[in-house]
Structures are given as C-alpha cells and as structure tokens.
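There are two complexes below, and they share subunit A, which is joined by subunit B in the first and by subunit C in the second.
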Partner chain A sequence: MSSVVKPLLQAFDIHKSFGGLKALGGVSLSLEQASITGLIGPNGAGKTTFFNVLTGIYKPDAGHTEFRGQTLPAGLPHLVAARGIARTFQNIRLFANMTVLENVMVGRHVRTSAGVLGAIFKTAATRREEMAIRARAHELLKYVGIDARSHHVAGTLSYGDQRRLEIARALATDPFLLALDEPAAGMNASERAQLGELILRIREDGRAILLIEHDVKWIMRLCDFVTVLDYGLCIAEGSPLEVQNDPRVIEAYLGVGAA
Partner chain B sequence: METFLQQLVNGLTLGSIYALVALGYTMVYGILELINFAHGEVVMVGALVALSVIGALSHLGLPGPVVLLLGLTVAAPVCMALGFVIERVAYRPLRRAPKLAPLITAIGLSISLQQIAALIWGRNYISFPAVLSIDSYNLGGVIITSLQLTIMGLAALIMAGLLMLVQKTSLGRAMRATAQNPAVAQLMGVNTDQIISFTFVIGSALAAVAGVMVAAYYSVGNYTMGFMLGLKAFTAAVLGGIGHLKGAMLGGLLLGVVEALAAGYMGDFTGGVFGSNYKDVFAFLVLIAVLVFHPNGLLGSRAREKV
Partner chain C sequence: MKRLLWAAAALTLLALPLFTDATLGHGWVRILDFALLYVLLALGLNIVVGYAGLLDLGYVAFFAVGAYCYALLSSPQFNLHWPLWVLLPLGAMVAACFGVLLGTPTLRLRGDYLAIVTLGFGEIIRIFLNNLGAPVNITNGPQGVSGIDSLSVGSYNLGQTHGWGFFEFVPVVNAYYLFLIGVLLAIVFSHRLERSRIGRAWAAIREDEIAAASMGINTRNLKLLAFAMGASMGGLSGGLFAGFQGFVSPESFTLMESVMILCMVVLGGMGNIAGVVLGAVLLSVLPEALRAAGPLQQEWLGRVVLDPSNLRLLMFGCALVLMMLLRPEGLLPARARQRELHGE
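Up next, the complex of A and B:
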C-alpha cells in the first residue's frame, strides 16, 4: 500500500480568454500541502489571470479546480475565501482609509458568524466575537511585525509595511493556501530576505503558498516546487533544479536557440 | 434675535429630516457611486403608508404617539422592502453598465413610483388626522413644540446609532470595505451583494422615519411630496460631501437652517417683494455655490472616506 498524500489543490485544464486573446489555454497544475510553489513565466504568460481564476475573480471559460477534495465555486470570490484561499495583489490593494488593525479585522469577516441583527443589537455573542476578532488581528500584526502601527491609517504605511499588512489581512481569513502576487516587487535585498523568512514561517504553520515572482534567483532558493507558464500554457513543473535545466523554460525566457 | 432663534429651531427640525433622507443618498453613493434619485419616492411611500395606517386607527381612541408609532411600524418594513426591490430589480442588472444607465433608470423609477402612488392614494392631498396633541413651550419668546423636540431627538438618536453601526461593528467594517474596494472585500469573504442590499434597506428605513416625520410636521402628504424633499436631501448630501456619513448629517442640518432663515428674513430684506415662499430657491443656490466653490462638499476631501 502506498500512502499517497492528496494534493491540496488541483487545477484541471483551465481556459480563459478575453475577446480574442487567449490568456489561459488549458492550465493544469497541482499544489502540495504546506509547500511553497513558485509560479513564474514571462510577462503576459497568464500568471495573474490564473490567480484571478483561482480566487474566483474571473470565471474560467472551461476547466475546474479541486481544493481539499471539493470543487471550488467558480466566479464567487467570497465563497472561495470561505473555502480557505487568500491572496495579495501585485499592486497593493489595502483599504487605504481604514486603520491597519481594521484592515486585518475585515480579513476576519469570512470567519465571522454575527449577522445583521447581532450587529445592530450588539448581543453578548457579537461583543465576544468582536473582541476575539480584535485579539486575533493584533496577533497577526505581531506575526508579520507591524503591530506597533496598528492604529495608523493603512495608506500612510511604508511600502514594505503595506506588503506585510496585506499578508496579515490575507492570513486573517485562516487560509490553507496563500497566493502572493509579486510580494517582493519593489523591495530591496534585505527586505526581500525578511519577506522570505516570513514566507517560510507561514509554511511551517502548515499553510501552502503559491507565489508569482520575477526574481528567479530568489524564487529558486525559496520554493519547493516551481511551475512555469508561457503563453497561457504550463510548460514545465518540478523542483527548482529540474525546472532550471528544462530546455523549454530556457527557450521561453531566452528565445529559441539559446538552449 | 427672536426671529433668528425661532427660525433656528424650525430649521434644525427641518434639517433633521433632511439629514435622515440625505443619509440614504450618501450611503448608496458611497458604495455604488450611484445617485438613487428614487430615494425621495421611498420617503413619500413611507409617509403615505403611515398616513393610511394612522387614518385607519385614528377613530379607535388610542393615544396619539401610539398611533404614530404603529404607522411607523407598518411604514418602515414597507419602505425597507421597497428599497430592497428597487436595488434588485432596477440597479443590480445595471451594475456593469455605463454610469448614465442607472442614473436614467433612477429618474424613470422615481416617476413610476409617483404614478403608482397616485393610483393607490389618489392625486389629492391627504391630511394628517388630528391624533397628536402637540404641546408648545415658550422659551423667552421662542416657541418650540413637543413634535419638534421629538423629531430632533429621534433623528439624533438614529444618526448616532447609524454611526455606531458603521464605525464599530463588523457589519459596518464590511460596508466600509465594500465602499472602498468591493473586489478586495469579496476576497475577504464579504458578500458584497448582501452588503449593497443591506445598505438600501437601512437607507429606506431612515426614509420611512423621515416620511412619517414630514407627514406629522406639515400635517399633509401627497404623491409628489418626495420629489422636492428628495432634491433637497440630495443637495444636503452634496453640501456635506457625498459619500460621507457625517457630511450628510451636517449638510442636512445646515440646509434646514439656511432655508428657515431665508424664509424668516426674505420678506424683510427684499422689502416684501419676495416672500417666504421663495425659500426653496435657497436650497438650490446653496447647491450651485457648493458645486462651484467646493465641489467635494464641506467634509469631503479628495481622499475622502466613503460611507
């Protein structure tokens, strides 16, 4: 008997076009539990489109995704969030006018049960839940290292801290899979190293991470697996070493003849 | 001085009502960037439903405030249901349409609701049955009635409650998150469609309260009453900074006071050429002035907090 661990996520033949532009032409990939997977590929390869399909922002034209043994609802972001997938954005999208703490508290919304009546009449249960949300939000801000700024307005944070806040907000949804879209963009080497440590810590907590990144060196060091997209197709997947030596990958990045 | 204080009291009463209605405009704008021009008609429906209920109960000999409360108890759910249906039927299908489409729809809806109301309640003025015994208090020459005190007190209570709801509860957080960035709010598990429905329902509940207040204050109502009231409340929302809750409250009170003072002094200042019946002009002079000199409104800044 072999004890095969089921993958956390399996995407089957995902297609997505915008008018005549085929952004995803049948992407299939799988992610392991508590692993770090890098999603790389040239600009326009379909990486962010894949993120958008995965998190329910776009409805795929064809294909489906299984997550923890169940088919993910397509095109319904709030239900995908409830299943346990959270993400950050390439261009930071915080609730800029809310405080740092409130941003993370919004992230808890998906795990909140208090309804409209509870909110209006402030029942004891609602108050208890609200306190728990606040405590958890502070915990997460400590985890990413910006709790000292919890009462600042989110838009006033430094760029690096905004990235951390976005991760804390995503973690507030208690995800099994955290999808990070270019989290290191615009960071210097030391910020990048700190972010790498944070990502490793998140994996140690048993969460899987899917990561879009352009810095190939950084991603090869950090990731357990790497998947390469090119023109909306998955052209290679495997360990960083395997992928690095794959002639198709070299061709996609450097052009025909380079291999 | 007495005229001034008297008109201040009258203006604050009227302003409280404007503020309640303005909140409905501003909340919807904050979340959808849509001017719901049918909102005034929701106020009208609230007033007429309440008038019907109060009329039916007026012969039973119940105490006035109880009858009024019963009128509101029926009017509020009717308006909340109406607000819910308006959003579902008229605005949700146009969520992705060009901005002009829902705006035109709103105007069409406003006219339709007026005509439906005319079919139900007729085109005549419906007077408020004399169920209330209103006490007047004379404070150094300034007369203030128990009805005015009730209107101002109730409006203040409701507005404080709304601010609490939006600022301090998880539901309010979800509303603010939806207003700032609906796509991201969804990724946090916020069901934004539900939040939008809820916003319309809350706004309509406030409209129902305002409708009952107007009917009681002016002792009369008819199917066109929502039009002017809606325009003025919209003006109040713009004056305060549309999309801004406290702005709508401030704008409403301010507009009420400006209008009352204009009504009080118009005759004196123009030597009797223009009378207090020109007071409506002032609301729109204020609107023009705001749009010209401070388009973001009094409390609105460029990076304003919506809702």
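Up next, the complex of A and C:
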C-alpha cells in the first residue's frame, strides 16, 4: 500500500466510558483500502467496544471516524451499514429462526428499496428486485460454501457454518469494509485455515477487512497490518513483524520485565 | 383440484350469511359480522405483534379512532354526512397517524415495558373520548355518538333490505359482504407484506434488533411502519363498526377488548394469517354459541346450574391455561414461532 492512497477509514481519538470504566481512552486508527488489519489485545482491552463504536452501536463520548472521505454518523448502525461497513458479532447474532437464505436476504435490505406499496401491489419492479435479492443471496451462500444449506433454519447450522453465514449476511450489504469480531473463535485448525482462505478471497474482491482475534499466530500470517489495543489505548501498529517485536506489545501480553 | 377447493371455499363464504340467515336467523348473521370485524382487528394486531414482535396492549385505541372518525363525519353530531369511500380510507389513515404518534415514544421499549406503555395509551384514548364532551362538545362524552348514517355504497344502502330474485339481502347480510371484502383485502395485504423486503426486515427486528440495525435496517422507521400498518387495519375495522352499529360510545373500547384481540392472535398463532383468522373466529363465535348453554341446562337438568356468562369466562380461562401448557405457539402457528418455542 502506498502512502499516496487515502486511507479507507480513519478513526480520530475515540473515547468511550461506561460509568467509571474507561473502555476507550483515545483510540486513533487508520485502515488501508483492500487490506486485512488485525485488532489484537488482551481481554478487556476495548476491541469489541471499538467495533461497537465504529459500527454505530455505541455513540463515542469524543472523537469521530472518517470513512471514504466522509464523517461516519455516530450511534446510528443502519446508516453506518448504508455507508458500507458490515460486521459480524463475537457471540454469533444470526436471525436464528429464519432460514439461511432469509438471513442473507435481510442483508440485501440496505441496497434495495421496495416499500409498502410495492409489496402490496406486487409491482413489476418489486418482483424484479425480489428475484435479484434471492439470486444474490444464493450467490453469496455459494461464495462462503454453504449454499446446500440455504433452506435450513439458521439456528440449526454447525458453529462453523453459522460463522460463515454471518459473513455471507454481512457481505450482502455490499460493504467496503468488513469487520469481523473473533470470527475464528471456537474453530479447529482446519476450519481456521478455511476461514483464512475465505478472508483472503474477500480481500481479493477489493474489500478491506478488520478483524479481532486472539490467535496471534493465525493473525500474524493473515494480516497486512496489526493494531494492538491495551487498556483502551492503541499501543502499537504496523506490519505483523514490527508489532511482534514491539517491547510494549510483549509487555502487555506477557507482563513487565518480559521484554 | 386446488382451484376447485378455492372455488368451494369462495362459494361457502358467499353462501354462509344467506344460509345462516335462513336457518339460524338474523342474530347469528350479526355474530358472523362481528367475527369478521374481529378478524380484521386481529390481522392488524398480527402485523404489530406477530410480524414485528412488538407487544401492543392498547390496540383497541385504533379501532376507537377509526370508529369515531366515521361517527363524527357521518352523523348529526356535526351534521356532516361524508360518503363511505372517503370515510373508510380516511379512518384507516387517521388511525395510522395515531399508530405513529403512539409508536414514537415507545421505540426504545421492549416486551413488558412496551406492553404497559401501550396499555396506557389505549386507556388515554378512551378517556379522551369519554371527556371530550365539554367544554367544547366533540365526542358527546360518555353518551357517545348516535344516529350514524348506515353504511351505503353509492346509492345502495346496506342498512336496508334488498330483494334480488329468490334472495333477500337484509342489513346484516349486506354488512357481511362489505366486511368480507375488507377482510380479504387485509389478508392479501398481510400476506404480501410478510413475504416482502419489509416483512423480512420486521422478522429480523423481531429476532435480533441489534443485528438487524447492523445490517442496515432502520429499526425506528420499520417499527413505526408496523404500528401504522396495524393501526390502519384497526381503523378500517372501526369505521365499519361505527357504520354498522349506528352508534359508538367509549364503552366499546375498553382494555378488555385489547386483551381479547391479543388473545385471538395468540390463540390462533402469532405471525400466521390462517391461525389469526381462526383465533378471531373461534373467540368471537364460541362465546355466542355458549349462550345456548342456559336453555340447554334448563331443558336437561330442570334448572340453570351454571350461568352461561360465568361458563364463558370459566371456559375461556381453562382454554388459556391449556393453550399455554400444551400449545403455546397457537393452534396454527407460524413456522418460526414454533421453532422458537419448541426447538427444532
């Protein structure tokens, strides 16, 4: 990535506290176009809080985020999704009683427009749109490799497939940035490898990826950049190699004196 | 084969009031009319509760708004006599506006809290209607509005008896056909909404509001839309009710009515149109049928042991307990509800 290209996303000095607990104490971060960035840090470092602020679920106390040259609306998740940031959740949040296909079709909501009148009168435009939604949903299910299960109920899928479905649903919103919160949690080595391939493929399609992960080895292999959070502060960022050798990172993970 | 079944169903629906009138009399056709109004109400509430998952205990307020809208604009109260084709859509629209108005402050609430606040709103509307008789007389207070023009489509007055060949179309039979049209429209609308982009968004909100918002669904607008769509069906039903009865008063719009409509939706099966229709018909027709229990006891036992009205409440209570124990998802549940309550 050359420095002349404007970053896809820049967060400036994000603060967020919950009562007396300072979850984010001024996090700044920038993401390159079509890159994979890992967000790591010990438990309670503020990674998920940062995700929630970024995607509009929380409103930051201070700071703002610029995405594709525009300030992101704070605290309005549906507008963030409309701008092109889609996410998955640490504790999978599928629409568990809907089918796999319906889950992905919901993801198309933000890129489609049929309203009440279109639905009631079943206009030609609505029918066309509905067919396009269905086709795109199947396409995405094939893309993540679970199209065979499209008519199963989402809640009955295996854990790994639920993770994939969540990614497919997020991709259905046509995001420029895909934010994955611990996508490999609870997966075994081969599932992890498959997921890594999927993530690389998504980047090849020109989308940027931000992911939270605890498996440092896996993330070091996969990511172009790594940012380390600790106690709500960004303590290091750079290429995986730089970060790995940063004394502050070693200190945060292993304790003072280990470096 | 399927087409034949549809034709048979259509014929049955068309012949039902004439047959009932000929065998059981006007009273029973009237019961059918009310059943249809309840079906319309239940279908409206189903959009709010069944599709969007918003528990509304003040739904009867929209029925009241529709009814008063019709009553005030088509009676000697203000000496206005607007035609049906203006009043019914207008009533539905005014009710929809009230749906948005009452929905807005409740957007952040869920479950029990939402139920309590909507219950309060339902009561507020009724109490307003009760007290808007003075100092400026708008609703005529607890006396209600009477002398409402009877329903008439063009020059065809549904409140009069018309003879067509062999058949005699008495007012209650005429009303049945008008209400049936309303119900069929509501069914088609509900069905199409459910299977649309909007319906999917409602289902997503019902399942997981945060995930839905993160997928770009404007949860605020879609919840308001659900309130508005549900309310408009309530308003339509209210307009028909006012024109049919010729009289409305705040008494008809008590909390008990809201609870009853909710029971219809839950008993039949939230989120499933066929279930909701079944629930509404059962709960509006069965209690009337139980009235016969008094004379029957007299005949068989020589005296009335159980007062029919008590028997109704008793059976109603038992039915509720049994349903919650055996079939909490309703008689004809939506697929998703069944999964929610029984696993797979």
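Here is the rule we use: the second predicted complex is superposed on the first by the 256 of 259 C-alpha atoms of A that agree within 3 Å, B and C clash if a C-alpha of one lies under 4 Å from a C-alpha of the other, contacts with A are read in each partner's own complex, and residues count from 1 in each chain.
Convention: contacts are C-beta pairs under 8 Å (C-beta built on N, C-alpha and C of every residue); 3 or more make two chains touch, one makes a residue touch a chain.
This one's a predicted model, so the numbers in the text were calculated from it and none came from an experiment.
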Superposed partners subunit B and subunit C on subunit A - clash or fit: clash
Touched partner set for A:57, first subunit B, second subunit C, both or neither: both
First, second, both or neither for A:95, with subunit B first and subunit C second: both
Touching partner for A:38 - first (subunit B), second (subunit C), both, neither: neither
First (subunit B), second (subunit C), both or neither touched by A:105: both
Partner chain(s) touched by A:156 [first = subunit B, second = subunit C, both, neither]: second
Doubly contacted residues of subunit A, that is, touched by subunit B and again by subunit C: 55-57, 77-78, 80-82, 86-87, 89, 93, 95-98, 102, 105-112, 114, 116, 119-120, 122, 126, 129-130, 133, 155, 169, 172-173
Footprint of subunit C on subunit A - complex, ascending: 55-57, 77-78, 80-82, 86-87, 89, 93-98, 102, 105-112, 114-116, 118-120, 122, 126, 129-130, 133, 153, 155-156, 169-170, 172-173
Subunit B - residues contacting subunit A, complex: 165, 169-174, 176-177, 180-181, 183-192, 198, 303-305
Residues of subunit C that touch subunit A when the two form their complex: 188-189, 192-193, 196-201, 203-204, 207-208, 210-219, 225, 229, 336-337, 339-340, 344
Interface residues, subunit A side, partner subunit B - complex: 55-57, 77-78, 80-82, 86-87, 89, 93, 95-98, 102, 105-112, 114, 116, 119-120, 122, 126, 129-130, 133, 155, 169, 172-173
